[in-house]
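Naming follows writing order (A, B, C and D), and every chain is counted from residue 1.
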Amino acid sequence: MARSVETVSPSVIIAAVGLGLVVAVPFLFIVLQAIFPELGRGSLTAPFSAFAGALGDAKLIGMTGNTLLLGVLVVVLSALIAIPLAVARALFRVPGAIVWDVLFLIPFMIPPYIAVLGWIMTLQPRGYLEQLAGFNLTGFLFSVPGIVFIMTLNSFPVVYFAVSRTLETVGSRYADVARVFGASPMRAFWRVTLPLSTPGLAASLLLVFAMAIEEYGTPAALGSRAGFDVLVTAIDLRVSDWPIDLPGAAILSLVLVALSFGAFMLQRWVLSRRSYEATTGKPQGTAKRDLGPWKWPVLLTFGLVAFVATGLPLLAILAGALSRTISGGLVWSNLGPDNFAAILGDTTGALRALGTSLSLGVAAALVTGLLGALSAYAVVKSRARGRGVLDVLTILPNALPGIVVAVGLILAWNQPWLPVTPYNTALILLLAYCCILLPQPVRYATAAFHQIGDNLEAAARVFGASPLTAFRRILLPLIAPSLLAAMLLVFAVATRELVASVVVAPVGVSTISTYIWRQFEQGSVGLGMAMAFLTILITTALPLIVLSLMGRRGSLL
Amino acid sequence: MRGEWNSEQAISAQNLTLSYSGIQILRGIDVALPAGQTLALLGPSGCGKTTLLRLVAGLLAPTTGDISINGQMVAGPGVFVPPEKRQLGMVFQDYALWPHLTVAGNVAFPLEMAGIGRAEREARVTAALDRVGLGAMAARSPAALSGGQQQRVAIARAIVGEPRIVLFDEPLSNLDRELRETMVAELGALIRGLGLTAIYVTHDQSEALTLADQVAVMEAGQIAQLATPEHLVEQPASPKVAEFLRLGAILRLVRDAQGWSCAGRALGPLGGPEVALADVLVTPRALRVTEIGQAALTGEVLAAQFRDTGYTVTVRLDGAAEPGRAIRTVQISSDTRMRTGERIGLQILPERLRWFPARADVPM
Amino acid sequence: MRGEWNSEQAISAQNLTLSYSGIQILRGIDVALPAGQTLALLGPSGCGKTTLLRLVAGLLAPTTGDISINGQMVAGPGVFVPPEKRQLGMVFQDYALWPHLTVAGNVAFPLEMAGIGRAEREARVTAALDRVGLGAMAARSPAALSGGQQQRVAIARAIVGEPRIVLFDEPLSNLDRELRETMVAELGALIRGLGLTAIYVTHDQSEALTLADQVAVMEAGQIAQLATPEHLVEQPASPKVAEFLRLGAILRLVRDAQGWSCAGRALGPLGGPEVALADVLVTPRALRVTEIGQAALTGEVLAAQFRDTGYTVTVRLDGAAEPGRAIRTVQISSDTRMRTGERIGLQILPERLRWFPARADVPM
Amino acid sequence: DVTVYTAGPEKLIADLAAGFTAETGIKVEFFQATTGKVMARIEAEAANPVVDVLISASWDTATDFAERGWLVPYTSPNAAMVPDFLKTDTAVAQGVAALAIAWNPNSGTPRPAEWADLAKPEYKDLVNLPDPAQSGSAFELVAALSADGDMSMFESLAANGAIVAGANADALNPVLQGAKAAVFGAVDYISLNGKAKGESIEVIFPSSGTVIAPRPVMIMEWSDNQDEAKAFVDYMLSDAGQAIVAKQNLMPARTDVAADRPLIGDLKILPIDAATVYGKRAETLESFAKTFGK
């Protein structure tokens, strides 16, 4: 369409600049690192010399296959668990909806290595399960299904939140229309409601896929025993012991990026084939239905999933935290608040870490929320040229392992010629979190924008709103349920992000996760678990407040 | 999908009420519509027409009262038959097209649900789209259609399955007049041809009067009058119905020894009831332009607008406007264009008047 | 927001074209609308009316051509003034209400954007809502309104800021007739009272002819005729326009020595052009019912429908339908109800005919 | 100020920094992580480095950095009592860890005394090995015990159901809980710390010998704070500094500092020819992985 004469909207410019800063810069340096092995030393010699070594690895194909398999399995299982829950949550009055939301958010707050450790300590021989119930599930735990299961527990909420928010927008109206035309409730769901929630579904499955192929903790802890190596394990090997192979890690990361790029193109294709504009200029009431006789079965399902995904790991963590020694097991004489007392004794260190992480979490949520919404707007709603490039930029960090992002950030921001640099300030952590987590708000907001009819923004413009005002007053509130859910995810993950934090944290700054991790390193598993448990309790408060405020405004319940 | 008709009522509702969160939207609705007939619903914006259709379709459950379709109770105390079991078609006021399906996909949906095979389905979709003039747009997304085109897709979707009962919620409101007339004819032919039962909400009286076997005039959640079109036009049940149908002006007349008078002007003996005060409906057909000298009523031309088959002339009657009441105006038709401001005389044809007992508490 | 008028054109467009992905939607549109005037856009569904409004509003940029508002070019080669700088109001065909704002919030938005203080804003919102009869619903969500109520919110939002130019896209399509007439009067008063310039898309000719200073009849992306309402009714530019406006029947007449004849029936000398073949527009006003024996034309009553101020009677003319052409029917108005099937005679009033040169290639 | 990057335990560097600042008034900024992360950071920062003093957990880095010319030659006066094999021109050990068998006495298995014991049927499926690919010292142990490419000990371990379980902590944890009985090649001080806290764990140094992992301290050539960095190295090797090292259950580098644990002199240290061993690193890892069916 002939729009070339229109000046580019400021939203698009902000999005472009923000994406450039947060994503393009570190990514560029990762690519440069892959090409120029000596980049760290400021030298551009021997370009491409590392490719043969990294890509020539005989196991690469197997690992790539494993990675793909893992990603696909986690995606499928996440969808199977999350979609029914999301449907119930979006279309029906589920008692305690906010509580379930918060419970499903908690898996993100548990650092993955702790969650895995919790699972190992629960399911392995003589683990908590065996101590309490007399049997163990070690065979399942250290197998591909076990890995998939545990990773799914950490990622299905992404689907749950995206799909429930998308479905909330769709409401039951379109399905009702289908029923008038003879569709049974199930067919109406399969033919109308579910396809209309494609934006949220596709976006979240993409996110889950990228998260799954990029996650290190679980496959490393469980997969090596199952002989199941994935690309991230190989990447981590390259940076875990001397000699460090940064170019190799960068190159393998690019393979991961390529995989997620493929998934992204698939998602784009799905979304561009059809229109999903369920929010029109003729608003229709979307009151939620009562569950009726389904109330208890649904509550039971929610309860079961929450118990397995959130309750069990939390209990395992609590057990670890309350045990004086691991070898002492779950006997009364071995239990006590010693670890909690120790944390409270070291209040300064713990509190500082907590304060740092919470403020970084909030800041990351705000920055990625804003930037994500603007980028998604630029991609979905604007007609700006080059918006495809922006869309690609928002997907790049999706599959980058945290450590590689961290290296990219250091390479980028520690250049001697930079007059000012966020490096060695807490800002670099914020940049790292934003880069790693930006895909969440972007995907969520993209999905939400796909649902909004164009005339709603057009009307605002006609009535005198500048592009930014129209964005703020009309579009932002309309995508708010999705965006806020994504921002809560960002908050939850940012408060416990470890890998990038460890590498880029300015000297002397510790975050919750680095604090916990250092306790582990010294063998103080109990201390780390106690800290983890406390911080989860504290970080839960914020989502709880946000969700109940939104619930009161009626946009979520 | 067509079935055998029985001679029972295709749709009947007894004493329906509906409240949204305490506000009564519908009260005491009784409808009985024999199979094969068309009921037009007329009524002011917000009076509850769409709500009534939603009740019949099964998209809402009545607060009290019951609904039967073809003799089977579909909604009532302890009974609720879901929409898909009611076998209807419906044109939604806001179209409610599925955005993710193409035009053809939207129209094919009812056939798919009825389990009709692909080949027949495609043929029928094409036929339905051709019927509404959108044969060429089958593959488009509904979002890439104009408003009227979308509305026509909604119509095609409602009729493609030839359901026994079709509910039309202002199905032609966004179509131009030429198309509207064609579509009215098409729909009429379809409804009669297949013996469909239809409820047809419209704001266009000519549509209502053309298509309907019965017309229900609704007002504030109630049915003010339910009658055949002729009956409605000739014998509106109340001044309000007459006003709503724009049948003419309602004048309040006072009787004295000489006969009736209006706003102080004697009109002579016009017949009418033996009461001191009465409201009378003066339709344009009850007035004839005559010379000012001989005229019972005189007035000034306010406007002359070309409509359909001639000019509609609005005349302000002479005589003091009574306090608190609108200036009395009447409309007549004329095949010449009268000048605004021209003064004319009007003669009343008593046999074409319709009398209502005046209710002193309701100022007209 | 009201400004000084200059005597220039408030809106003008030269040679506008618009294509969506290769398909030409609008072609060679030229419009010039002086300040304070109202232009009605009439045209069949899908002809491009909404698209034209969107071009004027700045929601689309023309493929070629330019648009000026109050003498300033707002769209053209290398120029594009965004919508918010064009200071318009608009009623969208699909209302475009914001679901997250209340009714009052929707209506207040244009005032907020204009930076009007809270107190004045509230007063004006209340006034605008009262104007459309929704004063009591200010605090509701638009989703809890009926279709017609939503449409009225859209109207209130468009006029609350009293913008210099208002674009109405079928603003009354979902309102009942009584309300529609009230609203037409309201809008007319507002437009004239504030000296607004308006483009008004409608399918209701009476609305168009009532409100508009000029009427543009569009057809397939082009403007077929742009004229004053009187001119349009009296002198339609083409048979197509006349047909679209439903002004009457178009008959194809053949001239021979005795004068004109239609489908084999001699009509006598009716005047008209000195050609062998002509199309003539026979409006209802050009026909008078007469005795069958003396009548130039005879026919059978097909239908008699009550409309507005009398019955509209459709008459099928006698005489063989020419192959490939529709059966010739004409409409007349009558203040008595004629029986379907009744045979009547019709006399032609030659001075009320409108002649068009017949184009043999276009079968009528 | 000195900026220290360390791969050692956080408590150690925190105490050293505090002690140093108390003594000299010079502030110490430190960054603590695993060897890999510390090195990745240094590599990435190389264009504009910030680190003054590096404490690595792997001697190999010291050799490599010296070859690159990134290190300043410095011999601390306090290093006199550090054995020669724990110091070079450019690096000196801060402390030393050794690899050992970490065995859970509650596991119901007999107390192992030798590496080879863990291949016995009593330990079937009950032995963890740290992954030599992820830990430099574990690699050295594998190299030392598979001299001349003889993988037989690991083959028998694998046959006995021993598994390779991630890095050090991942290997130790199941032993503590009792899922496994012993770690083959645990880093001693972590297990000793656990024992001190009451965990049921015993650290056994096989008399056939083990490998040690000295923790070299280096001063970076680009440092603008050479004097302060040297002062810090001096402090680390002072009596006070070495006592702090000993408190973490590491062996002090100075032979004259006592510690509450077996010291270097008490252990038989398997000889390692770093050049050859690291020259064959890839092959060794490969055949190790093959042995454990990875």
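Basically, contacts are C-beta pairs under 8 Å (C-beta built on N, C-alpha and C of every residue); 3 or more make two chains touch, one makes a residue touch a chain.
Remember, it's a predicted structure, so these values are computed and weren't measured experimentally.
Counted as hops between touching chains, the shortest connection from subunit C to subunit D is 2.
Set side by side, the interfaces A-C and A-D show unequal numbers of C-beta pairs in contact, with more at A-D.
We define each chain's centre as the mean of its Cα atoms; on that basis subunit A and subunit B are separated by 55 Å. Rounded to whole angstrom, the centroid-to-centroid distance between subunit A and subunit D, based on C-alpha atoms, equals 35 Å.
Centroids built from CA atoms put subunit C at 22 Å from subunit B.
Counting partner chains per residue, subunit D shows two or more touched chains at no residue at all. Among all residues of subunit C, those that touch two or more other chains are 20, 94, 144, 147.
Touching two or more other chains at once are residues 280, 282, 284, 453 of subunit A.
Pairs of chains in mutual contact: A-B, A-C, A-D, B-C. Residues 39-42, 117, 120-121, 124-127, 138, 220-221, 224-225, 227, 229, 237, 239-244, 246, 324-329, 403, 406-407, 410-411, 414-416, 424, 502-505, 507-508, 518, 520-525 of subunit A are the ones touching subunit D in the complex.
Touching subunit C in their complex are the following residues of subunit A: 1-7, 279-286, 453, 455-456, 458-467, 469-470, 473-474, 477-478, 555.
Across the complex, subunit A meets subunit B through its residues 173-174, 176-185, 187-188, 191-192, 195-196, 198, 274-278, 280, 282, 284, 453.
Residues 20, 42-46, 50, 93-94, 144-149, 151-152, 169-170, 173-181, 203-206, 209-210, 229, 233, 243-244, 246, 283-285, 303, 305-310, 312, 331-333, 335-336 of subunit B are the ones touching subunit C in the complex. On the subunit C side of its complex with subunit A, the touching residues are 18-21, 54, 57-63, 75, 77-80, 82-84, 86-90, 92, 94-100, 109-110, 113-114, 141-144, 147, 150, 157, 161.
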